[in-house]
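In the two assemblies presented below, chain A is common to both, partnered first by chain B and then by chain C.
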Partner chain A sequence: MAFYTRMGDGKRVEMTREAIIDDIRAGMADAADMGGIPDLTEDDIAIITDIVACNDRMVGVAPGEEIVLTYDIGQLDFTGDNGNSGNGVDMGRLEAALLHERALGADTFELAHSDYSIKPVKPVISMEMQTMEEIQAEIVAPYFYGAMPNCGLYYAPDGPYGNPADLMREFKIDEAMAAAEAAADHVARDIEYVTTRLIQAGADGFNFDTTGSAGDADCVGTLNGVRMLREACPDAYINVGMAGESVMGIHGMIEFDGQIVAGLYPHQQVKLAQKAGASVFGAVCNTNTSKSLAWNLGRSVTFIKECVNQAEIPVHVDMGMGVGGIPMLETPPIDAVSRCNKAMVEVAHVDGV
Partner chain B sequence: MKKEVFKLAFEAETKNIHDAMIAVMVPGIVKSVNEAVAAGMDPNDIINTMGDAMSEVGVMFERGKLFLPHVLSAAAGMTKAMEILTPLMQNESGSTEKKASVVMGTVEGDVHDIGKSICSTMLQCAGYDIHDLGRDVPKQKFIDEVKGGCTYCGMSALMTTTMTVMKEVIDMLEAEGVRGNVKVLVGGAPITQGYADKIGADIYGESASETTRKVKATS
Partner chain C sequence: MDLPHFLTSGMGGIRTAGDLVARMEYDPKHKMHIKDAKAYVAKKLGVSVLDIADESVMRDLREELGIGVCTGVPGAPRGIAAKMNIEKLLDIEINSCKIFREKTQKN
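Let's look at the complex of A and B:
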């Protein structure tokens, strides 16, 4: 008997139960090998197999097993174009916040700049503080501010430091490393500037989205910024969400708290986030579009389960297009989204998505 | 039989070059190559040894055990070594020409740079002549580079709203009558094998390593 499932690019395919199990095992083996982490148990594999090999359009968790549901990117969920996973529905930021709280069942939500990066918030910080204050007066759910550290904006041509990628191609490796270190210091300063002001304006917390997207210096700069925020605002809720399952080594040697961050996997990343002062860690595993959903889910759950096992803070796994086993598609198919989420709850035992 | 004898004769030098490449330290690579030359090892065999080790460095990069600066250090060491070996090879009428020319860029309207840059670097390390145009590259610039002799055209996009530009460039290559002269490679977060097939690209790269492997396989 063949079951309806998908490839990592969203293409519909049919697979037998045996083929699904083989792919789950192969994905698991890849994660275990790359991360140096344990395999899933036979029980885990059986649960994931049942989740994937199910003909229902959607699946879900049992009553009482529900977990925290947090949305990122603020009002852009609605107002963004469909290339940005939005719906192209124009509305104000207050209306978007209230719709997430009252219609979509969001347990937390956030305010965000349309560029969704730290740097462009600086020149409009007063306006963002005012908006935060106004929406806090209406909303009941915890309401954060969210942004990507996005260290790429600090490199040429957008920022003051040389672009490491360009410098390295000219074999100017020391200069590339120095530029990355300077950018990391700069993004940390900007994080402190932006986040402390928004917390002062009433934000319940801060969501650092796609930490490390520009590589290991981006990750170190963010963690240093998180540490500054924690020192300035001891009670702030801080979510450190990652950009990928492994920290890209653009610098290669840059450290946080004596630890080289390049090449760290989720179970190692979470320990640095804890040290920096994060309240919650957003673990990520990227989807391979050429492999099946079963392969990607087996791989993702293996990484995230070990992260949860080693974490001392709650882990909210990043689930969306191209992450968490979910196919890379503008509008991720609900059959795949619900299956991946169920597996993350029942096998990886995540605290939120 | 002769080859086996040769291998035994330069076993230590081969191992030293290999180990120096894996250690990704430029002075160590240059030292090991100088020693191999002094011992009489054929320059072509030295290059092959470095090439094999470079492939290993690429695998370690793909597995997250080494990172871009390390790959670059190994490549820089290899470049320095070539400065030593090239005069020797020219004396023996050897060839030290670059492989094919590759134009690389992130398509018009898209400012995401890192993935494309890593691809460019990996291809450069593999010996290709890279013309990296950066990001937000006007479509015509790709066409101009192909007309100028590039036989590979690499395009990257990180957004679903900009990936459509890849098809427009391919159509322009057709319209200008140069599509047959060039292999088109595409990549980036929203790009899939299915999309590459749909727009008529020749190569889809899931990662920098895979892109390099596929380009090498076709050149």
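Let's look at the complex of A and C:
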């Protein structure tokens, strides 16, 4: 008997139960090998197999096993263009927040700038503070401010520092490393400036989205910024969400707290997030579009389960388009989303999504 | 993306007690994992862990406790007022409430 399932690009395919099990094992082995982490148990593999090999349109967890949801991109999921998988529906940020809270079952939500990065928030910080104050007066659920640290905006041609990729092409390795270090310091200062003001405006906390998106210097700059925020605002809710399953080593040697961050996997990343002062860690595993949902899910659950096992703080796995086993396309099929979600709750035992 | 996640495993925010459980995970004095956070909230509400994600229990209980509901109820606490009641219920401090008190209780 064949079951309808998906490829990593979302395309529908049919697979036998045996083929699904083979792919779960292969994905698991890939994660275990790359991360130097344990395999899933035979029980885990059986649970994931049953989840994937189910012909129902949607699956769900048992009553009492629910988890909580954290969001990225804020109201841009309604108002943004397709670059953000947004619906292109213009509306106010207050309305978008309250719709998520009162109509879409959001356990938390966040305010966001349309460019969704730390740097462009600086010139409009007063407006963002006003909006935060207004929405906090009306909303009940925990309401964050969210942005990408996005160290890439600090490199030429957008920022004041030389672009490490360009400098490395010219074999100017020392200059490339120095530029990355300067950008990391700059983004940390900007994080402190933006986040502390938003906490003063009543934000429950800050969501650092896609930490390390511009590589290891981005990761270090963000963690230093998180530490500054924690020292200035000891009661702030802080979510540190990662950009990828492994930190890209563009600098290669840059450290946080004596630890080189390049090449760290989720179970290692979470320890640095804890040290910096995060309340919750957003763990990531990237999707391979050429492999099946079963392969990607086996791989993702292996990485995230070990991260949860080693974490002292709650872990909210990132489950957007192209992460957490979910196919990489703008409109991920709901059958795939619900299967990945259920597997993360029941096998990886995440605290949230 | 919001809806399939909510329908698969989400607690439901203020439809149930998802916002309260999230606060116990995020509050830096607690940083509770999901099971501990749910047990804590259930105990404070005086109901079971199963009940805190059940709309049929939580809808009326939230209105009774004045901690915010997902339907429009004139006169029912929402926003800062509801969050002040949540502070007392969960024995936590919420930033927006702290700032509101600082602004309104100056001597």
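Note that in this section the second predicted complex is superposed on the first by the 352 of 353 C-alpha atoms of A that agree within 3 Å, B and C clash if a C-alpha of one lies under 4 Å from a C-alpha of the other, contacts with A are read in each partner's own complex, and residues count from 1 in each chain.
In this section, contacts are C-beta pairs under 8 Å (C-beta built on N, C-alpha and C of every residue); 3 or more make two chains touch, one makes a residue touch a chain.
This one's a predicted model, so the numbers in the text were calculated from it and none came from an experiment.
Chemist: Which of the two partners, first being chain B and second being chain C, lies in contact with A:Val353: first, second, both, or neither?
Modeler: Second partner only, chain C.
Chemist: Between chain B (first) and chain C (second), which, if any, makes contact with A:Ala262: first, second, both or neither?
Modeler: Only chain B is touched by A:Ala262; chain C is not.
Chemist: Where does A:Pro332 make contact in the superposed view: on chain B (first), on chain C (second), on both, or on neither?
Modeler: second
Chemist: In the overlay, work out which of chain B or chain C sits against more residues of chain A.
Modeler: Looking at chain A, the partner in contact with more of its residues is C.
Chemist: Regarding the shared-chain residue A:Pro120, is it in contact with chain B (first), chain C (second), both, or neither?
Modeler: Touch status of A:Pro120: no partner.
Chemist: After lining up the shared chain so the two structures overlap, which partner does A:Gly86 touch, if you call chain B first and chain C second: first, second, both or neither?
Modeler: Neither partner.
Chemist: Once bound in the complex, which stretches of chain A touch chain B?
Modeler: It is residues 8-9, 11, 34, 81-84, 152, 158, 163, 165-166, 168-169, 171, 173, 176-177, 214-216, 246, 248-253, 262-263, 265, 288-290, 322, 328, 330 of chain A that touch chain B.
Chemist: Looking at the complex, which residues from chain B come into contact with chain A?
Modeler: Chain B residues touching chain A: 63-70, 72-73, 75-76, 79, 111-114, 117-118, 120-121, 124, 130, 132, 159-162, 189-190, 192-195, 206.
Chemist: Which of the residues in chain C come into contact with chain A in the complex?
Modeler: 1-15, 18-19, 21-23, 25-29, 31-34, 37, 49-50, 53-54, 67-68, 70-71, 78-80, 82-83, 86, 93-96, 99-100
Chemist: Quick one: in the complex, what on chain A touches chain C?
Modeler: 58-61, 63-71, 77, 85, 100-108, 136-143, 199-205, 230, 234-239, 277, 279-280, 312-314, 319-321, 332, 334, 337-338, 341-342, 345, 350-353
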